[in-house]
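There are two complexes below, and they share subunit A, which is joined by subunit B in the first and by subunit C in the second.
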Partner chain A sequence: MTQPPLTKVLPKKNRDYYLCIGLEGSANKLGFGLIKQAVNDPLDTEVISNIRDTYNAPPGEGFMPRDTARHHKNWCCRVLKQVIKEAKEKLGSDFDLKKDVDCIAFTKGPGMGAPLHSVCVFARTLSLLNDIPLVPVNHCIGHIEMGRCVTKGLNPCVLYVSGGNTQIIAYSNNRYRIFGETLDIAVGNCLDRFARVLKISNAPSPGYNIEQLAKKGKHLIELPYTVKGMDLSMSGILQYLEQLTKSFLTNDFKFSKQKKRKLLEYLNDKDVIDSIEITVEDLCFSFQEHLFAMLVEITERAMAHVGANEVLIVGGVGCNMRLQEMMALMCRDRNGKLFATDDRFCIDNGVMIAQAGVLQHRCGYILEKLEDTRVTQTFRTDEVYVNWRE
Partner chain B sequence: MASTDLYNNLPYKLKLNIPFENEKHIEYTLKSGVVTDELINIENNLKTDTALGDINKFVIEYHIINNNILSLNLHSIDIRLLRLISNNIMESIKLSIECIDEFAP
Partner chain C sequence: MSSQLIDHVQQYLGEDFPIKLISQGAEALVFETSKHPFNPSLNKEYIIKYRPFKEYRHSQIDKTITKKRTVGECRCLVKLNTMDEINVPQLIAADPYNGFIWQSKIGQTLANGTFSNLKNFLWMNNNDENAYKKEVEEVLYSVGRQIGILHINHYVHGDLTSSNIVLEQDKSSNEWTPFLIDFGLSGYSTLVEDKGVDLYVLERAILSTHSLYAEKYNEWLLEGYKQSYSNQDELKQVLKRFEEVRLRGRKRSMLG
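Then we have the complex of A and B:
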């Protein structure tokens, strides 16, 4: 079998490693990172710098494209200066952007148009100014490649769960194939919108705050559960819970006796049900349990389908410990293995864009015209030809 | 449709002169998508769309004066659109200039 063409372009100064800067800004996180990747092993990557700045909307509101783009424009230079400062500390004070960096990778899509465009303009200027090759990267591929690199999983089924995407992916014939995905909204978006109803803070992230509340939840209430083959749907469960929560909040944080009996019907004991007081924590707990059970179910089905025994969770929701715990239980029952990363790599960051970008660069990616770097809001994972894997 | 006809049909105009250090920097700013993206958009929309009607709502022409001034002429069908375009372009130019100032080799 032939080796993938991973050394079509050699590193600058005949080094035994590549240096790549990754610029990410597809949603409310602006993340820039610098990585050092060994020539002889593309999974041997050292993170030199990983700086992120998050735009947080006020509680009860989501982040708007215009405000997010303005945030990114304001922070681009400051974040990159911090990356260069860290690079000089780790690689030596003679580190020079123009002379040392092999390529600049940036997110081409998918994501929100205005923030993507801000970072793209910055990436193009930086590339032209310093004459460094520019590599447009698919955001989802960035997550997958960074997950593979950090966990060293060989060929895992990938569950990609974030604020904008929910996909179950497996690699086959030079493409990351989507086996199942959400039919409407993403799981992260679902959690964020529930947090808005409860007016939970958006810092550090709405999902994290829901997770903390859910840890204190004791009683599981019944919610809709919508898995359709390999796909799932989450807008129904969200709307149901939104209505439920609004009536709960207006009724002084209480449910009527009748409603409570319906929500806890599975307990089959009216006296026990009447003695239970449902709290906000219980709502968060039940919401998480239902959503994550749906994700675990489609992941298990995908594993059976492709004959894999490894699962890799990537994306912002992937750092939720309860999701990791539920997935680990499923993997244990199947004699499988779970790979997950922490918030440094799960949440959007520049390092993952750099990792995917340097792989494309090594395989000889050449930007033919600058128009090819135009950002796109819809850029599916399976559109990318993965020539760096066998 | 000739490009000058296109300008004449658009009643609202704004001229911006932006000084740069040299012509190279103007080229980087233009190439970085400040104007080129909008121009590409216009080129794609030059034909009248049968479903949407006339969608040529704005035009940007630019030229370089004395090798260091970028002169932009914005033409728009209404004042609101003109404000929107000029704001977007100014913000993008600002980002490019900031990048050039900080990271020029």
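Then we have the complex of A and C:
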């Protein structure tokens, strides 16, 4: 294999590191980040600044594109100022955006159109005003590159789980190839929508709140479990649970006796079943157990299929400790290794966009026309040609 | 960890039962043995497939799934064995509560020393010189035909990947015969939807695992699949649904 051309473009001022600003806003999080990447090792990245501001919809609602876009527009300048302030603290007070930053990376897609667009306009403006090259980045590639860089994982199977995506990805022949993915909705979306039925708060995130409730759950209700090869489907389990929960809520947080006997049938003891009260916590617990079991199973299938031993979890749902725990157990049984990151890098952020962007910049990416920065809501992970890896 | 699992299997089968681990798949450990489970006069080569308890999932979920899949696989194997033209391993014995299945051994060793499943076969021929060989084309045709016959009989496999297709070479004619294995996610279904998804899963598996020549491979597979159908109406429906499922994939670019 030939070595990738990682130093086609050298950093400004003959430094031994690149500086790159990443702008991310594909969903309800607006995140800007500044990184410093060593010339001789693209995985040696130092985070100078990582600022994020999240738009939270009221409980029982999801975030609307127009409200989210407005939030991003309102906060762009303030977040950037914060980044520059932190950069001055860490890199010295003579840090100058125009003279020091090598490239500006922004999310081209996939994501929601309106929020993507508002950040894109900001990125174009910043680039034209300061004459800094602009690099459009695929959001999913950002997650993968950041995960690789934080964990120094070499060639892992990547499970990318977030509000809009559920994919199992492995690298081969200059592309991140998708081995398994959801056939309908994403796992984060699934959790969010369940939280909406229960009217759980959206701050800091619905998934986090479900996780906290699930910790107190004890009794398992059996739910649909749908795995198709290395793909999975989650609309069935969601719809079933939504209906169950609605009847549970209208019935004053209780199930009728018959219903309960049916739900807990596997216990095979009517007296025991009658003495059990099913709670909201139990619902969250059962939901998580089923969803994550499906995710871990398809990851294991993909690992067996490609013969990989390492797993890297990225994406917002990746901060869930129960998912990490289950994945770690699976890896142990296969004599493998799990890499996971914490919420700073799991949840959408600007740093990951910067990391993926600077890799493209180093390999000589040049934006030909400003029209090429147009955002797209549908941008698959395997469309990107990865020329920065062997 | 996997040594603990092997100990468990050894204990279950009896200390002196000769077994050899040949692969650790995603959900099952596959062993080779030369002993028939209950009839010593039939001692030949057998495969023991064991679905171990998965510690990561809740014990109740695990119990339900293990039982469901083991029983499902046995049913499929028995049914498919009664049909002509379909090549699947023979079911010898099963213990669904503990997750054990005995079946006849299929497969051999390829020229490069790997096991003769379709994945290794294609990887062995993964260069411009060999990938377009008649041999490869023939193999993929007959694999397509097998899947077609499966679907005509209203069975869907549920997990079609190149590792779940095992090849056996005829000693005199040197022709490869494909066998379908691993029916854990299979079942009886008359729905066009399930067949379409089955084809889609296979196409995706080929695309991701054998990306260099995937287009050609998929073309050959589909050609073989089409040949197996005598009822053109049914075939048309399945292929139409297959197209629909493909478009349904997430984040597809909307151009073309």
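Quick note on the criterion: the second predicted complex is superposed on the first by the 389 of 390 C-alpha atoms of A that agree within 3 Å, B and C clash if a C-alpha of one lies under 4 Å from a C-alpha of the other, contacts with A are read in each partner's own complex, and residues count from 1 in each chain.
Here is the rule we use: a residue touches a chain if its C-beta (ideal position, glycine included) is under 8 Å from a C-beta of that chain, and two chains touch if they have at least 3 such contacts.
Given the structure is predicted, the values throughout are model-derived calculations rather than measurements.
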Three-chain arrangement built on subunit A, subunit B and subunit C clash or fit: fit
Touching partner for A:R374 - first (subunit B), second (subunit C), both, neither: first
Spatial angle subunit C-subunit A-subunit B, Cα centroids [nearest 10 degrees]: 120
Which partner reaches more residues of subunit A (counting touched residues only), subunit B or subunit C: C
Subunit B versus subunit C as contact partner of A:K73, first or second or both or neither: first
Contacts of A:H290 with subunit B and subunit C, given as first, second, both or neither: second
Partner chain(s) touched by A:T125 [first = subunit B, second = subunit C, both, neither]: first
Contacts of A:H117 with subunit B and subunit C, given as first, second, both or neither: first
Partner chain(s) touched by A:V306 [first = subunit B, second = subunit C, both, neither]: second
Contacts of A:E181 with subunit B and subunit C, given as first, second, both or neither: second
Minimum Cα separation, subunit C to subunit B, after superposition on A (Å): 14
Footprint overlap on subunit A, where subunit B in one structure and subunit C in the other make contact: none
Residue numbers on subunit C that touch subunit A, as the complex places them: 1-2, 5, 24-27, 52, 54-58, 60-61, 63-65, 119, 158-161, 163, 185, 197, 201, 204-205, 207-209, 211-212, 248-254
Contact set on subunit A toward subunit C in their complex: 110, 165, 170, 172-173, 175, 177-179, 181-183, 186, 220, 222, 225, 227-231, 266, 289-290, 293, 296-297, 300-301, 303-306, 325-327, 329-330, 332-335, 376, 378-380, 383
Interfacial residue positions of subunit B with respect to subunit A in the complex: 27-29, 31-34, 36-37, 40, 91-92, 94-96, 98-100, 102-105
Subunit A to subunit B touching residues, read off their complex: 70, 73, 76-77, 80-81, 96-98, 117-118, 120-122, 124-126, 128-130, 370-371, 373-374
